[in-house]
Each structure stands twice: as C-alpha cells, then as structure tokens.
Amino acid sequence: MSSTVAHADHGHAHAHHPAQQHHFDTMAQQKEAAVIGMWLFLLTEILFFGGLFVAYMIYRVWYFDAFAEASRRLSLFWGGLNTAVLIGSSLTMALAVRAAQTNKRKATVNWLILTMILGCVFLGVKVIEYEDKFANHEVPGYNFDFSYHERHAAAEGHAPEASEHRELSLTPEQLQNTTQLYFSLYFTMTGLHALHMIIGVGIMLVITWMAHKGKFDGVYYTPVEMAGLYWHFVDIVWIFLFPLLYLVERHT
Amino acid sequence: MTIFGIPIFPEQASTFAKDVDALYFFILATCAFFAIGVSIAVVLLGLKYRKTHEGQIGARIEGNLPLELLWSVIPTIIAMFMFGWGASVYYHLRRPPDEALHLYAVGKQWMWKFQHLEGQREINELHIPAGRPVKITISSEDVLHSLYFPAFRTKMDAIPGRYTELWFEAQKPGTYHIFCTEYCGTNHAGMIGNVTVLEPAAYQAWLQGGGMEGTLAQRGAKLFNDLACQTCHLDTGQGRGPSLKDIVGTNVEFQDGTSAVIDEAYLRESILNSQAKIVKGYQPLMPTFQGLVSEENLVALLEHVKSMSPKATASSTAAAAPAAATPAPAAAEKK
Amino acid sequence: MLDKLKIPERHYLNNGHGLKSWLLTKDHKRIAIMYLISISVMFLLGGLFAMGIRLELATPQGDFVQADTYNKFFTMHGVIMVFFFLIPSIPAVLGNFMIPPMIGAKDLAFPRINLLSLYIYWIGGIFTLAAMVTGGVDTGWTFYTPYSASASNTHIIPTALGIFIAGFSSILTGLNFIVTIHRMRAPGMGWFRLPLFVWAHYATSLVQVLGTPVIAITIVMLFVERAFGFGIFDPSRGGDPVLFQHLFWFYSHPAVYIMILPALGVMSELVSTFSKKMIFGYSFVAFSSLAIAVFGFIVWAHHMFVAGISTYAAMVFSFLSFSVAIPSAVKVFNWTATLYKGAISFETPMLYAYGFMGLFLIGGLTGLFLATLGMDIHLHDTYFVVAHFHYIMVGGAIMGYMGGLHYWWPKMTGRMYSDFFSRISAILVFVGFNLTFFPQFVVGYLGMPRRYHSYPDEMQVLNVMSSAGASVLGLGYLLPVIYLIYSLKKGEVAGPNPYGASTLEWQTQSPPLTENFTEVPVVTGEPYEYEHVVAKESHLV
Amino acid sequence: MSDHASHGSGHISPISLYITIFLALMVGTALTVGAAFVDLGSLNFPVAMLIAVTKAVLVVWYFMHVKWQSHLTKLTLATGLFFLAILLGMMLIDYTSKDFIAMPRPTDAAGQMAAPEPASH
C-alpha cells in the first residue's frame, strides 16, 4: 500500500445535494450504499423467518393430519381478504415510490397514506381472527382446547360440519397436543408478521411526514424507497404464510 | 494409566475402547506431527531471519501456486482418511448385535434408573456381565441427559419423548464410572453412578438375588447406597442434604418456619414426598421416591436411618419395633 | 528523530469534549473506543465468573459454592464471554476503528447505524446484567430445551432477550462493514489491494448477517414457549427438543467464526508487518477466510453427534466438518511461509502472533478429534471439548484481539505502551493459558464431563493444575489494563507509523483526524509493499 | 444530477406495469385458493409453493425493482436464498433419515418403568 496519498479530492469539487452526508463522495454512492444495506437487512429477515419455516416444515411433515385439521379452523374468507388487502398495499406502496421518483410530493403522500390504511385494515382483520381464536379456545398455553369448537357447536344445536367427522389417525389426546403445536406456530408466525406490519406502518408515518415537509426530490427519495422494500418484503412473507397456514389441506 | 501419579488415560474396559483409542493415537500422532512441525518451523524461521539492522525489509515473494496446492491437498487426503476411519468406528458403535443383552435406562433429574429384563431395578448402579454385548435403550422423564461410560468409550443422549440406544461389550470385570454428560439442572454433577462388570457366573448369581440378605438395617444400608442417598446426605453435614447422623428424636426446623420431632412418620414422608417439608438451610433438591421404594425396602431404609442414631434408638428399641410396622396402614390411607 | 515526535494538534479525541460529544458521535473511532470500554467491562465480569468456576473445581467436592450457584457461574461466564465479549471484540473495536482508514474512507457507510449498534449492545447488556443481578440463569449458554423452556426456574427470559437484542447490534455491525467494503473504498483500492484484515472482516460480516437472525428466531420461539406456554420444542406436546439444537447451532457454530476470523485477519497483518514482507499467497489467505465463513454454515450438526441425529446425518456432517480444516491449514502454512526470508522483529504484537500460532494450531488440530465420529462419541461434552474451544476462542480469538490491540494502540491513542511489561504480559498469557487448558484435554479424555460442580477424586491433580494456570492467565490479562491506561498519559509518543507497517491506516497521523485523512488517498500499490515504507519508519525497538 | 435517476435503482416503471403485476398477484391468490380445493394428491403442496414462489418473484423483480438493480443487489438476494436453502436443506438431511422410535408418553410419572417391547427397525 505504498506511495499512496495523492492530491485527489473529488468530494469538494462540485456542489453538494443537501441530503448528502459528508463521508460520501456522490449522491449515487450514498444511494447505492443505502440500497445494498437495505437488501442485506432483508437478507437477515429472510433467515429470521427461515428459522420459523424450518420448524413449520418439520412439524407439518410429522403431524400432517393435525395440521390439516387445525388449518381448517382458520377462516379462508378473512385470510383471502387479507392477502388481497396486502397485495393491494404493495401496489400502492410501489406507486408511492414511483411518485417520489417523479418528484410528485402530493401523490407520494397520498399513496403512502393509502398504504398505511390498507396496512391497518390488514391488522384489523388480524384482530378479528385472533379474537375468534380466543373465543374458540384455540390459544395455546392460555385456554387451548381443540375439541371445544366441536362441543360448542353441538351444544348450540348446530349440526357439526361434515369435515369434523373425517376419520383421523390420531387419538383425541394426540390431536389436542399436535394441533396446539400448529396453533403455537400460527400465532408465532402471524404475530411476528403483524409486528413487522406495525413497525412498517410506524416507519411510513415518519416517511409520510417527511414527504409532506418536502424532504424528498427526484434525486433524494431513498427513505421512501427503503420503506417500500421493507413493505414489499412483509408482503412476500404473507404470500408464503397464507398457503402454509390457511391451505394445508382443504380438499377433503 | 498414570504418569507421576497423574491419571492420563481411562481404563479400556470394552471392545470399543481399543478401537477408539487406536483412532485417538492416530489422530494424536498426526496432530502432533503438524503442531510440532509448524512450531519448530516458525521458531527456526524467526531466529534465522531476525531483523539485524534498521530499515531492513524481507524478500519480495508473492506466493507459490504448487506449494499452495500441495498444502491444500495433503491435509485434505489426511482429513478424508480420518473421516473414513472415524465413520467406520462410529458405524460399529451404532449397530448393536442382535444377540445383545437388552436393558433399559431412564434418566431423571438427577439419577439413572436401570431396569433388567429379568426384573431387577437399579438406581445409579448397573450390573452387567463381561464378554457379552449389552444394548441399553435410553429415555428421559424430564429434560435432556446423556448416559456416558468413559471406560467403554460410548455415550448417548436421553431425550424426552424419544428412545435412543447405545451398546457395548464390556471385557474387564471391575467397577467404572457412569456420568451424565448433558447438562440437566442443579444436581447435574450428582447424576453419576457405577457400572459393575461381573464375570458371567457372578452376574448369574447377582441376578438370582446376589448372596446374603443380612439384617433389615444392613439391607437398608445397601439400599441407602443403591438409591444414592449417601451422595447428598453426607455425615459431615456438608452435603446437599442434611446429615442423618443422630437425628432421630431431635427437633428439626423447616424452611416455612415450622418444626417437628423426627420420627418414623416424618422420615417416611421425607422419602416418599420429599418436597413436603424442607429442612431449613437446604434446597428442595431431593427427588420423590414414591413408587421407587417398595414397602419392604422403605422399612429397611427407616431401620438404617435409625441405626445411625444409636443414642436415641437404644433407649427405645422396644418402642421402635411397633413403630416400624405402622407405615403399611399409613400408606393405605394415602392412596 | 524520536524527540521531534509530537501528538498532532487536531485529532479525533480532542474534536469535541464532554459526554455528549461521545454519546452522540458518529465517528467510527469514538464508537470503537466506547465499544472497547464496554467489552473490557464485560470481559472482566466474565473473567470473575471463570475465577469462581476454577476455585470450585480446585477440589473434587462441591464445597466452594452450592451446585446451583456454580451452574449460574458457568452459564453467566459463557453468555457474557460469547455474546458480549468475543462476538463484538475484534469487529466492533478494531474493525470499527481500522476498516475505514484501511480502505481510505472517511467513515463507515452508515455512521448513525454504527452508533445505534452500540446502543443496542448496551440495551442487550443491561437486560442480561439485570437478569444476572436478580438471580442469574442456570441453563448453560446453550439454553437447551426442554430444560430452558420449562424445567429451570431461573431468569431465562431477560437473559435470552438480552442476547436477542445484542444480536441486532452484531447484525448492524456486519451490515455496515459489508456495505462499507463494497462502496467506500478509496480510488485505486481494488479488492485485491485490501488488507487481509479487511477481507477477514468481510467474511465475518457475512456470517453475522446470515447467521444471527437464526439465533434470534430461535430465541423468539424459546421465548413464546416459556412466556406464553406455546408448545414448539416441548416433547410432551409432540415438539422436538433436538430441533432447538439444530437451530441453535446453525448460528452458534458459525458464531465461532465470527470470533476467530477477525483474529485470523489480525494475524495476517501482524505476520506481514513484523517480518517486513509481503504475505505469502495473498489470494489464498483472502479466499480461505471466505471459505471458512461459508463452510461454517454446513457443519453445525457436529455438535449433535450423540443428540439422537440419524447415523446418516452424522456421517454427512462429520465429512463436511473436515472441510473447515483445509482453509485453516492453508492460512497457517501461508503465515509460516511468510516468515521465510523476512526481516523478523519481535515486538509485543508479534509475540502475541507467535502465541496465537501455537494455540490456534492446537485448538484447530484438536478440532479434528471432535469432527471424527467414532472419537467424538467419547469426547462429546467432556472437558476435551471445553479445552478445544477455549484454545480457539481464548487462545485464538483473544490472542488475536490482544495482539491487534497492542498493534493498533499507538494508532488509536498516539502513544506507545510499556515495552517491558507488555512482553511480560504476552508471555504470562501464553504460559498461563497452556497451564490452564492443556490439562483439560487430558481430564477430558479421562471422561470428566463439562458443567460438573464436583468430580471424582482421581481427577483432582489435573484440575488443580488448571486452576493454578488460570491465576497466571488472570494476571496476564490484568497487566495490560494497567500499562495501557498508564500509557495514555505517560506513554512515549508513537508517531504515525511506529512499526513501519505498510497498510493505509499507518499513513495518517496518530491518533487520526475525525475524517481520517486530510485528503482522499489514491491507492497505487499492492498491499504489503515495504520498499517505500522504510524511509518513513520512525520507531524501532 | 438527474442522470443518476436513469440508471440503477432510479428506474421509473410505467404505472400500467404495476397494475399488471398487481392483477397477476391477485390471480395467483385466487389460483392458490382454487388449487387447494382440488385433490392433486401429493402435488397440492408443490403447486401451492410454486404459485407462492411465482408471486414472490413478481414482487421482488418488479415492485422491489430488482430487475433494474445492480449485480451486487442481485448477488445479495441470491446469497440470502442460498443460505436459506442450506438452512432448510441441511436440516432435512437429519429429519428425512431419522430412525428413532416414536414413544408413547408414560402417564404415570411416579417412576413406573414400564419396559416397552424392543422396537423393530
């Protein structure tokens, strides 16, 4: 590394963008750094959820019948609706980033607000679903009783659904235990996903405020883009969670 | 094997021991060759090429591809050889022969319970015949444990909810360590025992009931050892449990502030339901022996404990005899 | 020439005074100094627990402390040393300080995230220390289920949360390094002109970014199981306790490389600088770091050979485990070859480098015993394993850390430490270390299980040797605290390049300016060329 | 400065592209649900995953602009997927080759060591 220091100071040669930090030479360098940094962060997120998927994968293979049985307790309507809502929010987020790229302040703010609203709708639906689980004694470690639903239906005088007469290879005790395993994973996975959504909405609140204040322009809109990447990632996690949790085996 | 009185090598008491030790010496020799070789090279180079004057710099050598390949390929070959040898020993270790004598071991905080198919039950003690393969199926009642016989060079984890197994063929009669090697809580270090390798004839004799019964108290003393009571209840009072010397008839204070006079009923409760009354200053570590100690054995144990308090019991020998007989109805009440 | 040396008027240490100028700084060098202080405190704490362990094991009976206290000692020792000392040690202190000047950058790519990582580390530390103060935790640093999930009644949740939080600090540091190395290099600083220390940190950062999230999610699953009664690993509900071990070691085996890879990087710098010679086989040394990082992810189940994994899986993982040996061997051979025809001088950092070579050799080679299937069955969870990983983590990582700290101390502070005492300390550490841990190989082969509060009488002699060695080792570690602090005020002024090193960080003043260089450097030469450095050399021992 | 916007992550896609992707994702969702109600035997799970992966690729490629990003970004993403594959795949080595014996839970925790029949492999 000899004969190295030479007079070549690019950094101060031309005018700086106000958002440029002193240790970067150009805005392009700064932005590239941010994009790579964000992707590396998403990399950790992939492996974070990856650990959960491993646990899910193994137990699903071990206890497929229980998983199929428990998965039927989830509402396809709410799950499907939420998938649509989240995909919609991904679209609005992509449009928000596009508006920021083209330096349309008002549109950026509006798309961001719409994304947040859709995010909140998703969380609201999740609350409804969780409430249903509490009411049906399907919360592991709290009031878990897998047969409650069936007994409750019988007590109310409803004819039990056809699906509940399926022949199962599991004893009631095994079913109780292994469906509890399913619901433990269900709550952990959807709970962590919802936590990511809440954090995402929080980040977007800040970004929206910044956009409203006119902090971004066609050159500097990195925060909007980063929030977009994060939001799309959360969407992708749900794209996998939906079939894994709601659609284990619906055809019998 | 010892050097200057320091043990450096465990006994070779099973057929595996020789296989594993041969592998050990091979790896040791390989490693010593490289460790000593590189160390000597580094020291000699350091001495030979010591900087002699200010401003001196080293020769410009960027590298040498054939050399790099050489010292990548040679370790690879050695490593693959090591893997192959190790894998073959392992394969042998994991394949119990069909004719193996079958035993069960259950790990429980903090003891090993062994059961022979013939019906014998042992705690922290294991008797096996020499010269015959023994297969042990292992399970756990609570957390992870690991059954380890250093003299046989084998171990296996005990996993709750699952059976695992190990096998060995002991060769040398004698008594060797049993350890738990998977950390299992407070008294992990107390989860130890002895495996006694007997000549086949002696093993048969042991199976038949193993010699003289002795008096009740003597039998109790043996049980006291077999149940590993003595590992905690040291006479010195420094064990994990209180000393049992000269306690009968004395007043004892409990952790919740109450107190009681030590009599047979109290001793019985302390054995069967050990968490009920904890002596002040001690941890509730003692496992319950409900279901582990038969009524006969319980009486024998009580007799043994009382024999440790000669003064208190000498004056009331007459009273003790009927008292010892009372547990039977008491047990019926509990159920 | 020596008498002309002065501490420069402006440098990063006097650019702003007061607590606020430190706590709100974005300067990677100040953050590194704060990390240095934090991890030193943690090292001291972890060392105290180690002292408790060695005192207890001086006698076979469990007579110094109660069994549960002893269990808390080794657990807290492990947790603090692994998660709060070793993992941040070289990256967060030396890497943080040196990577930007080494590649000719003004700072890391994300200075605010760098500061954030320090705060996260502190918060994690507070959680874990709070758990310790309120009663501690007794599961061992491995937190194996179901003991940790249900049986133990100690403070597992705050401890695990502390580790979870500190994990994010590690992730952010790694992320920052990767982006910095990719995007912040000075003009002319190509990938093959990077100092090997930087290469090693690149590999380390990959492990941090890819491995740490897996331990994070494992802790989350342990948390929901313990806190809410969810059943994920609980065997009584059909869960698999061995799955926890799989997930745990998926991170915790590569975590060993988070500790050792930076130390290997330090070694490359030391060996080259103190033999005034270009490193032998630069690209092999550079790529072996990456190889170790990648191979590190496919060998984890060798921690589980007796944990009930299938025979087939054990063979696959044993086979793969040997793959790590090759790049490690390549590194050692290349350092040895670097010495050939060098101009070798034995300043303190080089003494540490020599010590490292010896200890890393033993640590690495004993790893072969444990990777070999038939052998590991006997050695698993005995003191042999304890000795092996201490040779790697203490003999390797901490020797590397100490060597690096001594090497860059004049750069960080502008002053030299006592030559005499630092040599004494390096020798004490080496001797004390071997005395402490070598007997543990023997006692391990005898069959002494790890985490034992008491042990059979015949093993006492070896344990007493170990305890005696530990006191020498402790002294060796305490000495630097004294002479390094002393050097801050009274040390001889070092000048920009006291060792005549060739890498870029030595071409700026000591201590450096906040922006590291007065002008953006343009790199024109290969790394480790000493031909032009000689003239600037100003301090020779 | 505006020349930066024309390359790298600064690519501006037409709104119609985003709408198309959105519609494709919705169709994908409908397909997943539909496929779950058809008995495809052992193919149900692969089909569901195939659709999910396709949807994820669309989001990554267009919504997240990876299509227009530098090689480094693509490499970063590939690295993540590679290590995720290691995590899932290597874990399966053990779980697919496991020869352990399922054990009924003993109900009497009192220490009754009911000796079960030796397991047949």
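Order as written gives the chain letters A, B, C and D; numbering starts at 1 within each chain.
One rule holds for everything that comes next: a residue touches a chain if its C-beta (ideal position, glycine included) is under 8 Å from a C-beta of that chain, and two chains touch if they have at least 3 such contacts.
In this text, all values refer to a predicted model and were calculated from it rather than measured experimentally.
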Reaching chain D from chain A through chains that touch each other, fewest steps: 1
Dominant chain pairing [most C-beta pairs in contact]: B-C
Separation of chain C from chain D, taking each centre as the mean of its C-alpha atoms, in whole Å: 34
Centre-of-Cα separation between chain B and chain A, whole angstrom: 49
Multi-chain contact residues (two or more partners), chain D: 72, 79-80, 83, 87, 91, 100, 105
Sites on chain C at which at least two other chains make contact: 182, 210, 214, 236, 238, 240, 246, 250, 308, 311, 530-531, 533
Touching two or more other chains - residue numbers and ranges from chain B: 161-162, 164
Contact set on chain D toward chain A in their complex: 1-2, 4-5, 8-10, 12-13, 15, 18-19, 21-22, 25-26, 29, 32-33, 36-39, 44, 48-49, 51-52, 55-56, 59-60, 62-64, 69-70, 72-73, 76-77, 79-81, 83-84, 87-88, 91-92, 95
Touching residues (chain side chain A, partner chain D) in the complex: 17, 27-28, 31-32, 35-36, 39-40, 42-43, 46-47, 50-51, 53-54, 57-58, 61, 76, 80, 83-84, 87-88, 90-91, 93-95, 98, 101-102, 218-219, 225, 228-229, 232-233, 235-236, 239-240, 242-244, 247, 249-252
Contact set on chain C toward chain A in their complex: 104-107, 109-111, 113, 171, 175-176, 178-179, 182-184, 187-188, 193, 195, 209-214, 216-218, 220-221, 224-225, 228-232, 236-240, 243, 246-247, 250, 502-504, 507, 515, 517, 519-533
Interfacial residue positions of chain C with respect to chain D in the complex: 182, 206, 210, 214, 236, 246, 250, 297-298, 300-301, 308-313, 316-317
Of chain A, residues touching chain C in the complex: 1-11, 21-23, 25, 29, 32-33, 36-37, 40-41, 43-52, 54-55, 58-59, 62-63, 140-142, 174, 177-178, 180-181, 184-185, 187-188, 192
